[in-house]
Each structure stands twice: as C-alpha cells, then as structure tokens.
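Paired with chain B in one complex and with chain C in the other, chain A is shared by the two complexes that follow.
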Partner chain A sequence: MASATLAAAPARLPRAVPRWVWALPPVAVLGLVFLYPLALVVQQSVRPDTGGTSLKPYADVFASEAFREALVTTVWLALGSTVGCLVLGFALALVIAFVPFPGARAVSRFIDVFLSFPSFLITLALLFVYGAKGMANGIWTDATGAAEGPFQFLTTPWGVLLAEITYFTPFVLRPLLAAFSQLDTAQLEVASSLGAKPARIVRRVILPEALPALAAGGSLVLVMCLNEFGIVLFTGAKGVTTLPTLVYGKAILESDYPAACVVAVVNIAISVGLYGLYRVVSRRAGA
Partner chain B sequence: MLVHSRGGRWAAWALFAVLFLPLFALPLLVILAASFSAHWSGAFPSGLTTGHYAAATRGESLQALTTSLVTAVTASLLALAAGTWAALAAASLKQGPRWSRFAGRVLDTLFVLPVAVPSVVVGLAVLVAFSEPPMLLNGTRWIVVLAHAVLVTAFAHQSVSAALARLDPAYEQAAASLGARPSYVLWKVKLPLLLPSLSAAAGLCFALSMGELSATMMLYPPDWTPLPVRIYAATDRGSTFTGAAVAVVLMAATLLVLLAVSRVRTRASYR
Partner chain C sequence: MSGSGIRFDRVSVAYDGNTVLHALDLTVEPGEVMALLGPSGSGKTTALRAVAGFVRPASGRVFIGGTDVTGLPPHRRGIGMVVQQYALFPHLRVKDNVAFGLRAQKAAKAEIPGRVAEALEMTGMGAYAERYPRELSGGQQQRVAIARALAIRPGVLLLDEPLSALDAQLRSGMLAELARLHRELPDVSILYVTHDQVEALTLADRIAVMDRARLQDCGTPQELYRTPRTEFTASFVGNANLLPVTAGAGAALLGGAELKVDTGGVAPGATATLCVRPHLVGLGDGPNALTGRVSEVQWRGATHRLYVDVAGERIKADVRELRTPPGIGDQVTVHFAPEDAVLLTAAVSEGAAASRRAGVAADG
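Presenting the complex of A and B:
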C-alpha cells in the first residue's frame, strides 16, 4: 500500500522543472551584483587612463614606494596580530575552560556580545585610554607633572596591532572553547594523578587537542586582519597604510581607479588564497 | 581542573583578570563613560552630562540611526532570501547524480566567496559596476543597501546550509510519501524546521550590516549616511565625545535587535 503510494506520487505529480533550474536565479543574482563587478575591477586594472589595454598600471603600482610599504605593513600587522590573538586566546581559553571561576559563563556571553560590535569601536575606545589626552597619559602627567605622557604609540602601527589583537582574539577564543568543551577532563585528571605538572599537561594533552581549532581560528583571523579597514582608518595615522586603506585612498581620495583596481586585485589574490587555505584547514579540523 | 593548588588557581585567575579586563571590558566601559562626560583631560572623565546624547538623537545623527536601521533590515532580508534560496538549491543539487553534486559544491563556494574578498574591494567593485547606465545606482541609497546585502549574504548562506545539513531528512520524506507537493514540503516542513537558524542568520546579518564601515565609506551618498560613517566623521573632526555617544546608540540598537531576534528563536525552537 505504502509502496503503491510512493510509486504513484511522482506519476501524479511530475516534476515540472529539473532541480538545476532552481539554482539559476541565485547564481544569476550573485553574478550580477558580485561576480560581474569583480570582473570589471580586474578589467579596469589593465586599462590605464591613457587608453588601450596594458600591464602598465601594474608596473606603476608595483614600482611605487607607497604600495610596497603598504604591502609590508599589511602582512606584518596581520601576522603579528594573528600570533598575538593565538597566544592570548589560548591563555584565556585555558583559564575559562580548565580553571573555572564563578562568572566564567558570563565571560563567554560577553565574548559573544563583543563579537557583534564593529571593529572601529576598539580604536575609538583606545583614543580615550591611550590617546594624547587620554586616561593613561592623564594619570602619568598628574603623577609626575610632566607636560606629556609616555604613551604616544596609538598613531603608529603598534596602536593598530593592539586594536587588532583586542578585536580579533574572541574569534580564536570561540572555536577554542568549543574544542575544550569536548575534551574529556578525565585525561587531565589521569595525567595529573600520574604526577604531570600543569605546564606539561598543557603541552602534552591540551595543546594537541587544541591544534585544529587554533589552526582554523588563526587562519580566519589572518584573513580578517589582512582585510581590516575600520581600525586602520580610525587610528587616523598618516604613517600607517595597509592594502585596504590604499584601495580607499587611491579610489576615493585620488580618483585613480586603475591603480585602486590593481591594489584591489593583489588584495583579492592574497585574501582568497588564504581563505581557501582556511576552508581546507577547518574542514580537516572538523570545525 | 588543571591547577589543583589554591595559590596556583588564584595566580591563574589574577592573570586572567589582568589580561581580560583592560583589553576587553575597559574599551566598552570607556566609550560608555566618555559618552556621559563633558571633559576628559586627566585620569578620569569629569562633568557628567547627557548633552552628547541630546546631540546623538536628533538631526543628522537621528537620521543616521534610521538610515542604518533601514539599510540593515533591508540588506538582511535580501541576503536571507538569496542565501536561503541558494542553500536550498545547493542542498537539492547535492542529492542528484555526480555532476549535480559537483554543481552543488560550486554553488556553495560561489556564495561563500564574498567573505573572502575584502569588503573595501566589494565596495570598489560595486562602485565600478553601478556607476554607469544601464545600472546607474551610484549616488542613490540603493548602492549602499546592495553592497551590504552582498557582504552579508555569505553569512546567511553559511548558517542556513549548515542547518540544512543537520536537518533530519525523515520529515520531508514522510511528508512527500504522504503525497505533499515539493512546494508544500518546503513551506510547511522545511522552512519551519529551519526557522531557528534563519532567525540566527538574520541577527548575524543585521549586526554585521549595522557595523559595516569599509564598503560604506566607498559608496555612501551625502543623503544616506549610516551610523558608522557618522561616528567616523565626528571622531575625525575631533568631537570624540559625540562619537562615543553615537557609538553607544549603535551598540544599544544592535543589542536590542539581537535580543528580540533571540527571543523569536527561542519561541521557534520550542514550538
């Protein structure tokens, strides 16, 4: 009876359209608003203002000091922030997961809330804390009577680094806490009853378990740091230029679209390549 | 328990407090404090005032708030529609023969691509593509909404397709075996089951769009200034206290909407 119904159902209701047709509308929309614009950026990057098609914009941009400086700054800021986030995130996650304290759950909640705020708020806050007239310098000048405080790093790359580590550490913390919650604490008890010191337990038991989550979180943070714009813009440092701010500067401030498109293509290549790596790593890690 | 001695535990907690409080709690507290204070030229802010909020909730700032809300809601709805449709189409393709499974994976990859492309570049691309006829959107509010929708679609798609992968196929098979049409199965079985993750995706998209600055800076027309641009403009010309008040308004609006969305989600998952 049941099989008769099953067999009859498709006959009575023939599939009007094959299922690939349903995939066409979203692809068409995405193509129009995202893929076609990206293709235009690549096309414009080989069209210098002088007309014709050539690689001259690439040669010009690669030869410019500003671009090379921005590339180096972007890469070292991203690598530095990623390392900082990994170390800090690992340390904080260890305490939250394995040395629990009252309020640890509130901390995890707070981290979720933190993640839903935009990044530039951190730089805005740092202006009040470490800015020229901020809290830290205020305490210093009140205490010593000096005219200027010692904290003048905010408009240098170090200010960007501090803001990026602050903002992106939760992105490492979350996968780590998820991984730690699945770790069998009996392993830790056994290791410790056999006489292993906490440092050894962390190195030999916890760290191997955390590696996939660290890899996945770290590569995500690396991509996001490479593409960070708000933090660098809010820092307001003329000396700190990264690839995204260079794209903005060339396009909006200088109206030099071919050069902006060249920088954009370089930025896409680095970022998409790394994101592909992240997908591979996180799929392996099962995250 | 990793550390057994009482002293060691206190040491770990002290280290945690020393790292966590100044780095994560202090920034938000500082913004809140600054938004209520008239001066800040010493260790602590002075002169309690609500004047910045008066400035932050009228005129251009109020307009920026409605701009941000309208943009975020519209972009989230567009992104949810496109992302859900794509996730459903990809999931259905993955049940077919080999070429069709491959096509499903390609569709998934295409829809996560916007996450990997820097948002400044998405802004530039949209600017380049929609600045000339026949698709002249530059200078209108639609270009901002469109860019936001593109940027958040990937997140909507990711969370819906993750939920689809966890969905028990028994429900739709049972419905189909009872003779329900595919459209009926979609409306009455699949989408209700997906409602919790759809609302979670909506919250995520909304929060991301509310805080979007990079693509917006490339695109916004003078009469459509969202809150983040407004905060930047205030900070850039030196009125950081007004910037802080507008930032608190932004955070409060985001949190309120997220709270409402999570209540919808709880109700949906208990149904």
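Presenting the complex of A and C:
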C-alpha cells in the first residue's frame, strides 16, 4: 500500500503546480540581471544628450574616426588571436596527447588550472618579461649599456596579440585534448602501417576528427577576444583601442553615455552575430 | 613485395623492465598462415606489434622477406594490418578508407580507383564504396578493414584478433571468407593473433602456442592436436583429459589401473601426464577400460558430455547423443584406444621442443 501511494505522488505533482511555473524563477533572474540592463543600454543609445529619441548617436559614433579604428583593431586582433590560438593549441595538443613524454599528465592538469587564471595575470607576466623595465630588456641594457632594450612591442597591438594568444590558447587546448583522448589509437597505427608518415596522419586522420573541437574552441576564443578588456587595458592602453576600451573611455572618462551605449550595442551585435554564424556553420558541418 | 616471410630472431620485448615477450624464435614461411595462439598476456599481440613496428624489441631482430626491419618505422614496412575494432577512418567513405594506403604510398592517381574496386570486390564490399563506416554493420566494417589492408598488396598481412568483435555466426562466415582470401592470395604471409583455438585450427598452416611471454610449442594444427608436447598445448589447443600417471613398461598406471600406451622414451617409474581427447573416450567396455561414477551429464545437442570420476580423477567423455544417458551417480565404464593417448612428461624441456618445431634452431 505504501509503495502505491509513493508511486502515485509524482503523477499528481504536475496537476498541483503547472509546469510553466518552474520557468518563472530563471526567467525573472535572467530578466532582472541581464535583459533589463541590456534593454537600458539599447534605450540609452537612442537618447542623445540633446534630448528626444533619435539615431543621432549612432550617426555620430559611426562617423568618428576613433570608433572605426577601434572596430578594425578589435576585429583583426580577435581574428589574429583566434588563428594564433588554433595553430598553437593544435600543435601543443598534438604533442601533449600523442608524444609520450614524462610529465604530460602534469601539463594537461596545469592547463585546467591555467583556465582559472585572471587574464591580467598573463599580462603582468609578459610585462615582467618584455616590459620596458622587464627582464629581457634588462639583460639587453646590462649587456650592451644601451639606454633602452629592443623589446618595445608590448604597448603595441602585437603585445595585445601575444598576450591574448598566450591567455586564450588553453581554451582551445582543452576541447582538443578531450577530442584526442576519444581518438582510437589503432587508427593511427593502421594509418602508419599503410604507409602514412606522421605528417600525413596528422593531416588526414587527426585533423578531420579534431575539426568540431577546433570549431568549438575557436569560436569561444573569438567571442572572448572580441570582448576582452583586461588584457587591452594592461598592455596597450596608450596606443591600442578596442570596442570594450572605447566603451570604458566614453562612459567613464568622457561621460558620453549615449556614445558608450552605441559602441556597446555594436560590440554585442558582433558577438551575437558571430555566435549565430558559428551555430549555423557547426550544425552544417556536424551533419 | 610478394613472397615475403617473417622471421623472429630471439626477439625480446620489455615494458618498464617487465618482459612481455621472451627471446621469440619463429619463422613464418612465404605464403604461410601462422596463428599465434595464447591466452591474454601471453605475448602474442606484442609479437605482432613488433612485426608492425609499434614496439621496439629490447633485443633480437625482426626480418620481413629476408630484410632486417627492426629499426624501420611502421610506415616503411609495407604491411597490411587488421585489428579487432576495425579502426576505420570515420570521416572517410569506404572507398577513401581503402584508398588511404595507396595515396599514402603515392600510387599513380589513375591506378587507385581500379585497385580500390578490386580490393572491395575481393571482400564482397563492392556495393558499399560510397558509404561511411558508421552506416555499416560490424561484419561489413571488418570486411572494409581487410580490403583496406589488401589494397596496398602487402607481402605480409597481420591480423590482430580480427573476429573477436563479431558474433558467433558472423565469425564462422568470416573464417571461411579469410580462408578463401588466403587461397586467392597464395603469396601473402599471414600472422594471425587469436585466443580462439577453433580459428587457429581452421585457418592456420601452423600454430605457435604462446604462454607467459614465451613460445611454448609450434607445429601444424594436426601435430599440436594429436601429439601435443606440453600440458599447456594439450589444454589450449582443443579440449583434453590430463591424468597424472606413473609410467611403466609400455603402460601407464592411473591409481590401480594399468593403461596400455606408447611410453616412448619415458623411464619406468617416472611421473607423467596422460592426455586423452574427450571425443576419443568411448562409453562401455573396451581397451584401457576404466570404471567410475558419473558426476555430471551435459546434453549438448549432437553429443553428451559425461564427467566420470575414476580413481580420484575426473574424466571427460564426449559421446554421440545417448538415447538413455546414465544418471548422476551411476557406475559406468569408459575406454580409449592406446594409440589415442599421449604421454606427456613434466621433464620435457618446453623451450627446446618449441624451437625445434619452429624450424629455426635446425641449422644451429
């Protein structure tokens, strides 16, 4: 008897509480902390300081040289970093997964830890090594007696690129290593017994099977690079302006909220657009 | 590439100081099917991997077609290989899987489609060229894997438990298929690793029995089955009654009973093991009769398996299906012909017997 009542209980539950009620808490939280501020940003972006509602802030921002430069810088830095991360990540993952060396497991553990590091930590490390007063330049000036070292790239876009590739490569490595661990090593052995050299095995067997992982890691890195703030602020604050730092500049330094919101909206649109593109492409490729 | 045999010359393999293959001496003649038979961990797969080049021997040399390949990387050995789990490339169509080796070996572009079709025809997979591996059944995938290995026209074919992943019915079909392929490709030497004695007995020209990293015995299936050298061979190649006896003059003593057997060179008084195949044990009176009690009766369709306790030993007898099988506890008499029994002495040096039959120590 007792078991019969127990079994009946879950069946009665949905009637007592309609199922859509369970959707309310997440929707409320999402709306309060995410959608409402987002709507405010969009609303602010069409409210110029002169009053009323118009698209004038958009026209002003799109016409400004600073915005166009920031847009171009943002996109090429993000694309460059993504390509760099994919190439470096693939190469490193190959070594970690397929070349047996002592400590391979420790390295792959470290990658997990690395993912939890804040991005400015990497930038700080690069500053210590390549900064104007960093180790590399210090050794150079000590050795040659010159006033300045040769490594002055850290405040340029190249410095940002280096920092972003360093910081984001593990985000590509992680899914790649997971994919490689699923790969049947017998496939690699059969391929080599059929006469394939290592380079061909990588190209024809490993790479095709790693494509979904590369796409996943690459799109994640691309979106994160587009929105990266800390690295840009730490390394290239003087010379390099991206959309996120432009938002910061407009909003905090110039108190030009409509313009800041316009840039933010553009930044969001690019991120969401690229993510949508990725979903479409990955669904096609994954068929 | 045709007509190349395989030769192991005292090949030892060790992982972290753990010897997994000990001084293997074995020759596979050109065009011969050699089965490496043994339980898991016996070193049989390691021997195959040493031929393929995936493990490097700690000592000894591996020859293919008279050439020392010990130091060659796998991709320069020209070997066809088929593994248990097929290992097809999932992103390639069947025809591209089969063409993989040809492309890797830089075969002429115009020649590839013909040779792919030929290999697929040979394994009966011609109609599936455009499919992806995931669209095929296990048996079909294994056929594709065999076609892929054959497409490069290897002199040596390595089969690593190729039928273990298939169900029993498919397995016997594929066994016939492999035998046919071997008839069609008489020049290809085949090294066939298996733990299944039926596969080994059916397919192999010779069987090398492996256990605990060593070659235990090597000979034709008939030799190993009819006159095994060791208890291990007797029990692993086919089923066997292994009875502890004391050798006499032209006879063996089991408990109080005197059994007429060919004692060969065994000294009277020595302890030995008598090997009799269960299907050669008959029910009823006859030569070498033994009386005991039935402890178990198993009906197996075409046969009855009787377990009879005689003088503290349990004798297995496979007899044609009985209309009125004896009940458990019944007293029965079983017998076997003297020429159907083999006397195994514990003193036989296993290594010496094995290498003599392997035919490599003959010139040494």
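Everything that follows uses one rule, which is that the second predicted complex is superposed on the first by the 261 of 287 C-alpha atoms of A that agree within 3 Å, B and C clash if a C-alpha of one lies under 4 Å from a C-alpha of the other, contacts with A are read in each partner's own complex, and residues count from 1 in each chain.
In this section, a contact is a pair of C-beta atoms (placed from the backbone, for glycine too) under 8 Å apart; a residue touches a chain by one contact, two chains touch by 3 or more.
It should be emphasised that the depicted structure is a prediction, and the values quoted were computed from it without experimental measurement.
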| item | value |
| --- | --- |
| Joint occupancy of chain A by chain B and chain C, clash or fit | fit |
| Angle at the Cα centre of chain A, taken between the Cα centres of chain B and chain C once the superposition is applied, in steps of 10 degrees | 90 |
| Contacts of A:88 with chain B and chain C, given as first, second, both or neither | first |
| First, second, both or neither for A:27, with chain B first and chain C second | first |
| Partner chain in contact with A:192 - chain B first, chain C second, else both or neither | both |
| Chain B versus chain C as contact partner of A:62, first or second or both or neither | neither |
| Partner chain(s) touched by A:234 [first = chain B, second = chain C, both, neither] | first |
| Partner chain in contact with A:76 - chain B first, chain C second, else both or neither | neither |
| Touched partner set for A:184, first chain B, second chain C, both or neither | second |
| Chain A residues touched by each partner, larger count belonging to chain B or chain C | B |
| Which of chain B and chain C A:209 touches, first, second, both or neither | second |
| Overlay on shared chain A, then closest C-alpha pair between chain B and chain C (Å) | 6 |
| Overlapping contact positions on chain A, where the chain C interface meets the chain B interface | 189, 192 |
| Chain A contact footprint on chain C (complex, rising order) | 52-54, 73-81, 83, 85, 87-92, 100-101, 104-105, 145, 148-149, 152, 158 |
| Footprint of chain C on chain A - complex, ascending | 184, 186-187, 189-197, 200, 204-205, 208-209 |
| Chain A - residues contacting chain B, complex | 2, 5-6, 9, 12-13, 15, 19-20, 22-23, 25-27, 29-30, 33-38, 40-41, 44, 88, 91-92, 94-96, 98-101, 107, 110-111, 113-114, 116-122, 124-129, 133-135, 138-139, 141-142, 165-166, 169-170, 185, 188-189, 192, 198, 201-202, 206, 223, 226-227, 229-230, 233-234, 236, 243-245, 247-248, 251-252, 257, 260-261, 264, 267-268, 271-272, 275-276, 279 |
| Chain A contact footprint on chain B (complex, rising order) | 1-4, 8-9, 12-13, 15-16, 19-20, 23-28, 30-31, 33-34, 40-44, 82, 85-86, 88-90, 92-93, 96, 100, 103-104, 107, 110-122, 124-130, 146, 149-150, 153, 176-179, 181-182, 204, 207, 210-214, 217-218, 228, 231-232, 235-236, 240, 243-244, 247, 250-251, 254-255, 258 |
